[in-house]
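Below: the structure, in structure tokens.
We call the chains A, B and C, going by the order they appear; numbering starts again at 1 in every chain.
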């Protein structure tokens, strides 16, 4: 029988019951406050353009303008924005996963000379705030050293920096460390190449942690603003976060609210459907914050 | 049956006639023509240019027109390819584009921006093209000066406006005023009477978001209080500059704003930027606002329900030096990073679409723009007169409401004062923050804080 | 392959006896090459898009950087300018105030939420999802919604105040309210993550501990105080550090919601870096701020570590 600070017996006493009800009331209150902005965006998106400024609470519009959602969908060109976001985030997550898992595998099982220093080098990037090297990063994207490519206004200008994630490497390495080396050694005896071990042993065994890293990365990249804001000047290429910021001022408040609510649906769905994985990720997330 | 037939004919007549009639009914003022175009561009070599501000696909009509225009130019000069970009001007994003060597060949910028592009070598000298096309002298020299340096012209002005005062006609008349204020003191007094907090109604507003736009509106008020560009940034004989806005009329203007906020309490609480100040005006939340004449176009397209008959426009109130105002507008520039051939093609594309008589006619018939806005004359002399006569039949706005402004401009009462130079954007940003502070903190000492800002500007921008 | 492995083993056995020898190195080489091939993508990515820019940031802080042309060395000039900048004092004062508000509003909320949810016998999953939802909301979208909630003329908050007979507030435009208003948005956006981390940690506590405490006569409150909270301390202390690091470098919320205003009330180091780099195009000065920020955070982390290890000893 599951118990908390209070035992099942205590819960049945009047005092225990009061404790419990007060706790429940507090949690419900917190839940209402937490959900309110979503609800507010949704119903404000249903109001007329002048109705939204009318005095009074009017939380639920008397005559909902469902048309606003259709208008916002069309006027903000939502299909295009979603497509952009999914391409940017999708490819970004896949590349990050490939780069990070390969590095984690190497550091954990292939024992490269200087592996500890390299790991330390990866981890120090976690200590440096992004904004502090953003300006030179921008210059680098503008003219990549050695190859002299310009990645600005191209999705590569996002995808490549998105591959840099010491947190993913760290989490994956910790996990792979726990995969018994015997498995690797016996595969090696059987003549497997490193690539085969990676693909047929490490990746399948790390499936659960890979999903967690994938979901966390998806949410993090979907939320990103500054990098796409400055890298992508072409409105046709911008993800939904950046485009909404540009467009918001151009439209009446009710359409802004409708558009914001639409924009929130994909990450919300992911949060609800993949809750199980996020939960695991969170305990890892504690390391990163 | 017969009745049906005549009905059908009527319908057809209406359907077709609706389009023909207005054009026929007009006195058909001739389309002005001064343009001389070269036989060939770029010596006939193949050249591709990119052009910003192409309408997005959701504005289907405007997009189709844009593409048709580009197509006509490419037929005129088969060696030129015009590619549109939906990119719109944004100061920070374009700074990045300069750095990235990624400017479009032809792009639009604000009047405040040419200096940035010229000093970074990112703007092409367009003088030879303007001269060949015979249009350099057609432009209002005051406006051409905005985009010129050392006698060379780096941009083609597209439109120009002054900062004036827009007002809600019925609110003013309900409060017993028969016209807009003549002086800044009168404006303050009227604003008190026009403020009604219970109905979310403020007497007076200007852009107050603390951005460069705030500094821009504030500077217009400072000009109204007698400041000259040299009172703000003073050029010294040795070629250096002194930040002088820490004293004099600028301080008076800021004190005026401080009183409006804290003594008279006539300003709105919301953060208003360029777009939301329009919304505040058309939704009746403010009675008088500092307004750019071309913002009526914004209202016309963004807030179609607006009752334009209730909105008036007057020049900025008069100060010690009369009605002094800042101008603003848009200018087309050509990338200095493009090849000579590209620069030439881009320059002529803009000149052609702005001056070709057939293009002017096509554009004015198709445009969704609010013709009749109280803007500044872009050209001078006969061309300007012909240009106005040509456009008048297409007016969509109640031009009589803008009479106070238009008359004052015609009578030469409105004096355009240039922006302080150099680094005007940095100055606007700096002073915008100070205005925002004064609006939020009644303990700020106006003179001390402005002096501190001037010192910072001196050390970091002018001396750096 | 097999023969290679056998030879390697033999080599290894030999090298253990005689220290370094060439044969061992030659045998190790292919394996090292493979290892580095797997590391290569990460090394390139980190090199180009993290290490090189970080080093460059330090270099640029001693330079006058031109956007398109060459840069010139200016020594400590940029750092001297920082001392002259009237914004410097304002910014660090803002950081301190932001820290105060974010710890006051945000630090204990997740702890309390976690303790309460832990107590629930049903509906745990529901609360977990609900509190978690805001954390997936991009700040760029959150601010559009919150801007309207805070709107002084038409916003819901002022409407509520009016219903309660209180006078309206300017919220984001108000000198005293701007920071807490901003912190409230940040807290809404982030508390779920922290709460769930605490909750996961609380679930780890063995139920027998509670039972034992109960037998010893500890009241429920004492159980929270002496079992629950002490179990959370290590992770709370980590969260404390992380929250401070996050607040010192906050950018998106003030950038999108208040643009540093009213006045300079919500101007943060990150926003100042952005303004100077991308608005004034003074990259060298912006880099001086970047370096300062790195140093401040590093010093802070070291102090934290020292203090923390003293305390836990």
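One rule holds in what follows: a residue touches a chain if its C-beta (ideal position, glycine included) is under 8 Å from a C-beta of that chain, and two chains touch if they have at least 3 such contacts.
Everything numeric here is computed off the predicted structure, so don't read it as measured data.
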Please tell me whether B-C or A-C has the greater number of C-beta pairs in contact. A-C
Maximum distance between Cα centroids and chain A occurs for chain B
Can you work out the whole-Å distance between the CA centroids of chain A and chain B? 41
Go ahead and note the Å separation of the Cα centroids belonging to chain B and chain C. 42
Quick one: chain A and chain C, Cα centre-to-centre, how many Å? 15
Within chain B, the set of residues that touch 2 or more other chains is 92, 96, 99, 101, 200, 285
For chain A, residues that touch 2 or more chains besides their own: 53, 55, 139, 230
Set of chain C residues in contact with two or more other chains: 153-154, 278
Chain B residues within the chain C interface of the complex: 91-92, 95-96, 98-99, 101, 120-122, 200, 209-211, 268-271, 285, 425-426, 429, 433-434, 436-441, 444, 452-453, 455-456, 459-461, 464
Along chain C, where are the residues that touch chain B in the complex? 64, 67-68, 81, 84-87, 151-154, 168, 170, 172-175, 178, 258-265, 275, 278-282, 285
How about chain A: which of its residues touch chain B in the complex? 49-50, 53, 55, 74-75, 77, 138-139, 142, 150, 152-153, 230-231, 233-236, 246, 249-252
What residues of chain C sit close enough to touch chain A in their complex? 1-2, 5, 31-32, 34-36, 38-39, 41-43, 45-46, 48-54, 56-57, 60, 112-113, 115-121, 125, 127-142, 144-146, 148-149, 153-154, 156, 159-160, 162-163, 188, 192-193, 196-197, 200-201, 207, 210-211, 214, 220, 223-224, 227-228, 235, 238-239, 242-243, 245-246, 248-249, 251-252, 256, 269-270, 273-274, 277-278, 283, 286-287, 290-291, 293-294, 297-298, 301
Where on chain A is chain C touching in the complex? 2-7, 10-11, 16, 19-20, 23-24, 26-27, 30-31, 34-35, 37-38, 40-41, 44, 52-53, 55-57, 59, 98-100, 102-103, 105-107, 110-113, 115, 118, 121-122, 125, 127-137, 139-141, 144-145, 160-161, 163-164, 166, 169, 188-189, 191, 193-194, 198, 219, 222-226, 230, 241-242, 244-245, 248, 253, 256-257, 260, 263-264, 267-268, 270-272, 275, 278-279, 282-283, 285-286, 288-289
